[in-house]
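So, here's a batch of structures to check.
Okay, so subunit A shows up in both of these, paired with subunit B first and subunit C after.
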Partner chain A sequence: MTLPKTFILKNSQKYKHAHFAFVLSLALTIVCFFNAYDYQEGLWSVSWSIVTLAYLIGTVLQGVLIQLLKKDLRDKGEIQKRTRVLSTLQLLGITVGNVFITAFAFRVLRKEESIEYTLAYYMLLTNILIFTVSLFNIFKPYVSNTFLPSMSILALFIIFSLITVIIFGKIDLIQGGYSKLKWLGGVVLLAGFTGNLFGFVLGYSILLKTVIRDDSKIDRWNKFWLSITKNFTAMLGLLFVIFTFSISVISYGTFVDRFATENNYASMLMEPSLAYPFGTDDFGRDVFSRIIYGARISLTVGVITTIIPLVIGGFLGALAGYYKNTLDNVLMRILDVIYAVPGILLAIAIIAAFGSSTTNLIIALSVGSIPTYARTMRANVLSVSNLEFVEASKALGESEWKIIFKQVVPNSFAPMIVKASLTIGTAVIATSSLSFLGLGVEPHIPEWGNILKVGSMYLETNPYLAIFPGIAIILLVLSFNFLGDGLRDALDPKLD
Partner chain B sequence: MTGARNKEYEQALQKKINIKKESSTYLNLLERYKQQYKNKQQFFHRPVNEKEMNDEAANLANERIQEMAEKELATENLTRENYATFFGKCLEKPLFVIVTFIPGILMYLLLLVYPRPMIRYIAERLVQTLFVIISVIIFVFTILHFSPTDTAANILGEAATMEQREAFNQQYGLEQPYIVQLWDAIKGILTFDLGSSYTGNENVIKTISDRFPITLTIATWSLLMSVIIALPFGIISAAKRNSFWDYSFMFIALIGLSIPNFWQGLIFILTFAIKWNILPATYYPGDMASIIMPVIVLGTGLTASVARMTRSSILEVISEDYIVTAKSKGLLPRSIFMNHALRNAMIPIITIIGLQFGGMLGGAAVTEKVFNISGLGSYIVDKQFIPDIPSVLGGVVYIAIVISIVNLVVDILYAFLDPRIRSEMKKT
Partner chain C sequence: MKRLYVLLGAFLLILTGCLNTESDVNEGGSGEIDSGDNTVEILGMGSNEDDLNILRDQLTKNGFNVKLNIQPDYGSFTTQKEAGNYDLALNSWTTVTGNPDYAVRSLFTSEGDNSLFADERADELINQASTELADEYVETYKELEQHIVFDQAYIVPLYTSYKAQGVNHEIIDESSVRLPKSRAAVWEAIDFTDTSKRDTEPLILQQAIGTLTSLDPIKGNDGSINTLNTNLYVRLVNLTDDDEIVSDGSLSLNHTIAEGNEEYYFLLRDDIEFAAVEDGTAVNTGELVGAEDVVFSLERAKNPNSVPDHRTYSLHENMEEISIVSDLSELDGDTADGRTIREALEDGIDQEIEALTSDKTEVDNSSGVYQVVKVRTTNPFPQVLNYLAHQSGGIVSKEQVEKINTYEVEDYDVNTDIAYGDQSTVLEDSDQENTLYASGPYIMTYKNDYEAHFVKNPGYMPGTDYEPNISEVIVRFIEDSDSALSALRNGEIHILNGVPENKYDIVEEDDKLTLQQNESNGVTYLAFNMEDKDREIATNTELRQAVLYSINQDDIIEYYHGNKMPAVSTISPLVDTGLKLEADSDKVKELLQ
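Moving on to the complex of A and B:
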């Protein structure tokens, strides 16, 4: 009997999640600890010390929970009630921003994994994070006119998400008989319009299971999302990506443009403080607001420079793969030429010819990545177009275009999505790199690369100007990479 | 002349046929074919048609007779004159064979190369690379050529007179049509003569050849560093799959992939040069300590991707059938891993390294700007602000050429190393 239980322990996603949360929490504790102590003056900062202590308690508790989990799984084969109750304490981690242990606590609290429950608590976490980040605006000299209404709506959303979490903590939609919940689904779907895409997914999931009730669709949906929701790194990536997207939407209501874009010579190069959490730059602009505004540009450029080559490359690749021989050879040889020039250099050449602007940057980066998408699509189409169902539709006399775009392309699209999610990160890096060189987004626009360019000039005196935008880039790119790895596991199990 | 000879031949043939038709063989043949027709109709239960039978028998007999006559004529050294026989005779003369080399040298080469799979593969890749190189020149030149800015006005300033601009255009051949300029560019790139740059009047090729070594040095060191670091970590991760070390290494690798080069460079300068003061912040030629930071920064991304690639490549190989066979034979897990999994997993890793090397030469531009290295990358960036077309063209195209050649070498090496590719080549 011991063998199955060690097997359970080894394969328990919750146990792995516990370790992951512990390590990250420990790392954050150490970072906070170094921030709390001032080397030059030998003083302890009170506020940082409190935060460090809070993180330390969370980390220690997490360590205890790991041991408990281990004991539970090894001896009993399942998580005991005492461990669940204890993990409730970890929910408080969100008060100091430790989303890792909070997400873990939410997960352990429910006995069975549930897609709706997971999505609901991630929606709640996103809402709380957005609310907290937006709240920093109250330390500013003044706030925007729409600040109060926006914050009230956000607060309402938090309460609403909390209710959703509690509801789905109790029930399971699989059992059926919850048709009243379709109203909840509709409201959650509406919440998605604040940029909190978890709302869209959750809302659709609820509607799918209460209104549409198409078993094959539900089955496919469950299979995909169970794989994603069980993967804590993918969910963490998704959390940060959606947070970034959502805050770029909500910042229209809660942030004041002037702090980010207009010069203020009274507050030049100020150290980080409550009013200016990331300090101010050489023109007295608030770096915090600039980074939030920069998220819009980075996300937009990153997504567009992924979608354009995805569509063009995918189209060319599909044609090349379906009509083998001549067309394939011609198209792929032409794309080989673009492939031979490194992306950044091609972008530099295009920008040298047509001048630096956001549009040119998008075109320049898109052209460079068409060949890789075309290659991926071609390889997939080559293998799919030999399958029986394609032969069947040929035998039925379908037109070739219909076969390509209704049968072949949808069935060979999964690797393209994986590739896209992995290359959005690269596109974000390329955008900021080119802006950093002065070849990308116009210098007055708060883009992360532009902010870093200013920061690099004050590296010796005001290093925080360069550190914070860099961390923002890393977090966003890392999140996309986590998400991409998760999508690959979910869509393409043979690669795992 | 051939017409006359053919006529002679036709007459001889006709004569032979006529003689044959008189003989008993012809009658025998007719009788045989008639019988054959009858048997056939009987078999299919069809009525015998007298006229059809006679026609068919006559046709078949005539054909047979003609064949026999041609054969007999051939024994008397008389054949119908056509291309094959004519050239067959010509080829017997050695002088003709030597003369055919003049128009047919390419065909002879093709025949020489084609039956040997390895040489054919190398030749095909060579031609492909040459095609890519020429096309890259055309591609990059075209992009730069159709720039909407007026180069002369840009470089001489708005105040320049029309005559000055025309003189400038004349000096750099900018007034010529696109095709002529394109031809000059292709010739210039291939013969290493791109003239002088628009500003500073420096020889483009000389500047590029001065600046290329440092870029190549840093890239090569980064490559070495990443291979030395990434391979062991990738192997450990794959061997101890899903362990704590696997997760930690892959997490660190993912962070390495997510760090922008320039930010990492800035943080390194901040930490190692400004705070701890152990490494110089910018690069000085000849100072080996100052090359350490650029090498690490440039190599981080490659290290991360090679480590991830190594891991996934090994994991893929481990699930192959031949590993199962090795296990069932009772080989030690250790020797399976070292001798069977690792060796086969190395092959895709080499390709990835070759491909990534190209990306690294491109990415060098950013790293070079951060550490103030006057390499080829920072040269292209500096020149594109003007924009100095010959310099940008030369820089971009030569880097692309180097990358193409590296990939060519990797592909050929691959063909020598991997027996699967060799057997694949023999099949086609």
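Moving on to the complex of A and C:
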């Protein structure tokens, strides 16, 4: 039975992706356009005009591609070669940082969706972005001692990822017979240690399909990752999260921490320039370097304050759910007491009592969200523990602890992961808010909330001081939310 | 592929050629400094975060390991300070009386109210300077600064501040708004651009603190009441914008110093009457502010046991006797400039002194019946006039205060006894009666958590230049300086005293606002913890000097865009001793070894 052509068009992920990329590219074009014109002087900035033009061309081309896609899908039911060839041009978008149309172009270039191919080109994009951002350091008065070696390694990674993209653009691991590629898998896995987590996932995926070759595992893996890789918003979220994580690892080699932490009274409150892409703050510190350094704290605190309640809340919830006659009431009522106190208020109280430091901040933010995780876990365990396989384990005389942690918990964990990925964003915001209020990390430490706090004092005279850290916070939170939505789609059995 | 490698190689070569690395740059400099175990703990408040950050940066660069202890408010800051949990505490001091003695006595003598350290040499120098006149004491104060700042390094001076005030010139006539260096705002002079609004529109001002210590002038000396009490009570003398002592706008028509600098005479005027509040508005009680009230007010000001919780007696301890002069012949004595006291007092007065009286009901200046008050100090102490110009020297009504303060000071119970000037008597919806008697241009009718409401004293110098222009004044309590600035910009308040340095541009760029600036007597300094002898900082003078020479005042002034001035001690804004603190990192290294 052939599907009606309009149905294909409506359901085409690629067509939706094309629209999404078009809208974002258009928005960026407009932003660049406004940057290119100086209202006070009435002058056009040459460099910004070139960037605007490049974005404009990309956007127009994207518009043409949308029309072509529409025609292809409606008339032929599949994307034609001509459209693919044309989309190659969009790859050039990366030169001006337009990752949206580039990611789209990569996707359209391959006929069939492939997990390895998608991961490979996202790894490439991440590497290029990190390389470009790190490259801004050459405009500084001096660079770190390890700058050149680090940049060389990054450049090698770009070439390597490019090769990976080309390889997986041609072959498909599902067909088997590519056992030589296991070496490639090993190397890609190593690349993951630069913080580029796409490397980890891709490396594991290759090893899984070439070395382990466990069909049931491969099947589950493919189902999960195919759902994620098809979801362009989730991939975009993942791209930014991994970029942030990776740059905070790479920055140890490429950034000079003096620019971020030491006061320089000769260069206070300078407008954005090549040497100071986001300007300098009231102490003459480079806001660009500070935001990069701040990513470490924001991410670390965000992730740890999610993992701690996930583990503690998950453990307590599992116990409460499994021993529903004995422990349930006691545990849950105690947790209800904590739940009754607003999270941020509890955090402020804890910090006021024990003083402000990063450790206290993590504890303060973690305690408040234990009850919600416990509730989620309990609800899942309640339903899972009635299933037949649990009954079977009981009948076989398995110990209760083993039943809980080997049978029940793994089968109730999916909603916890979704919840965690959705709440990391909230944790990042909470960290920044507390710093903004002067209750988080110490004021001289570059943390996004701290940077924003300085910016808020100069909102009228030097707005860029608040705009850039603000954008960083928004993007990271948005990315985690996109990713969380993607994970929910991939893990939620009800949507199958 | 090969071509790519070639390109990459070339690119790397170019990069290596052009780029300086961190170690290249550092080779020329002093290299890495060993921070060792020179840990210093700095205590400060969240509102001084910027200063603390600069200090941390400068001390770190000079090889110290800095720990910051930032407290959110003044209360917790004081708690930490009293517990001694610091090596250095960030403080500021404003000499509200405008005289150098006050700038040093409280902080640097071993007996002072806010004594920072005990040093016999310092005590000696301060006492010596207090007996000297302006041209003599410069040398003494220079010696004092050399001793306490450079030789002993008890304090680290940071900067002297400016005062800045934003005025909405669309509503307020900016030339009528004064910005004095020391004294509080002069409300009676302020006028609207449209003078027809004087009786219909209120003048709206701002103050940060809304909890008032006390409206009895001697029971408080802080930001919550200084401005309010200055406008509630008249004093014997006033300070000009540059801290000169004058009789203008005060209770005295003239004042003079008798030869020997121990006796001070004040010729009182007869056109100030006390105001009281009845049915929410000010009424003239018809009671003259006379010499009996002056004697009563100053006697209680210098007596530590006159009221419970007396906060200002140390300012007035130098007065030995306050009396009413009834013998006209006493005025024939000489002043320092060779005139008689009588000539000095009659200078510029229309009606000559015919008779003196010690009963204020008999006073009639137009027919020559005057009152003269004499103040005698224990030692020659010319700066006593500055203390009389301070708000704590405000004149209260003898009759009214004696009527209200019926309790015995020893048995005073804060829960049952309501003292004169207690905040609870002026609260809106309070069950207590408003018992204020104002001798100044305005009287407070009520206050709540958001604002205090004042009306003009109908008996205050009517028909003269000093008669208050605007009938009604509202003081809004806005704690956050950014909110206060917004309030000024959107017209919610008319004048904002204390515009932050980094907001000067905003005020200047606003079409309807004018920024007024004057030097202030506010000095910000770091005090070492000299109490806790277990801390190395209290016993090791070299270590303290190392901290002192690590501080670069120029950098701090640069940070404030030049809107601060260098300081050497709290006297810097008042006396130019010619000393200067220069940062010297070589000296720091030497001292640390």
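Structure notes:
The rule is short, and it goes like this: the second predicted complex is superposed on the first by the 489 of 496 C-alpha atoms of A that agree within 3 Å, B and C clash if a C-alpha of one lies under 4 Å from a C-alpha of the other, contacts with A are read in each partner's own complex, and residues count from 1 in each chain.
By our rule, a contact is a pair of C-beta atoms (placed from the backbone, for glycine too) under 8 Å apart; a residue touches a chain by one contact, two chains touch by 3 or more.
In this text the structure is predicted, and so the values were computed from the model without any measurement.
By the touch criterion defined above, A:Phe147 reaches subunit C but does not reach subunit B.
In the superposed model, A:Met457 lies in contact with subunit C only, and not with subunit B.
Contact with subunit C, but none with subunit B, is seen for A:Val256 once the two complexes are overlaid on the shared chain.
Set side by side, subunit B and subunit C differ in how many residues of subunit A they touch, and the one touching more is B.
Of the two partner chains, subunit B is the only one that A:Gly470 touches; subunit C does not reach it. Contacts of A:Ala155 after superposition: subunit C is touched, whereas subunit B is not reached.
In the superposed model, A:Val287 makes contact with neither subunit B nor subunit C.
Using the contact criterion defined above for the overlaid structures, shared-chain residue A:Val241 touches neither subunit B nor subunit C, since it reaches no partner.
Shared-chain residue A:Ile128: touches no atom of subunit B or subunit C. Judged by the touch definition given at the top, the superposed model places A:Ser433 against subunit B, while subunit C stays out of reach.
Shared interface residues of subunit A (contacting subunit B in one complex, subunit C in the other): 438, 460. Taken together, the subunit A residues at the contact with subunit B in this complex read 16, 19-20, 23, 333-334, 336-338, 340-346, 348-355, 425, 429, 432-433, 436-439, 452, 455-456, 459-460, 463, 466-467, 470, 473-474, 477-478, 481-482, 485, 495.
Contacts from subunit A toward subunit C in the complex involve residues 138, 141-145, 147-148, 151-152, 155, 159, 256, 258, 262-263, 265, 268, 282-283, 356, 438, 442-444, 457-458, 460-461. Interface of subunit C with subunit A (complex): residues 4, 8, 12, 15-16, 18-25, 46, 49-50, 52-54, 56-57, 61, 68, 70, 72, 482, 502, 505-506, 555, 558-559.
Listing the residues of subunit B that touch subunit A in their complex gives 128, 131-133, 135-136, 139-140, 143-149, 244, 247-248, 254-255, 257-263, 266-267, 269-270, 274, 312, 358-359, 361-363, 365-366, 369-370, 380-381, 383-385, 387, 389, 392-393, 395-396, 399-400, 403-404.
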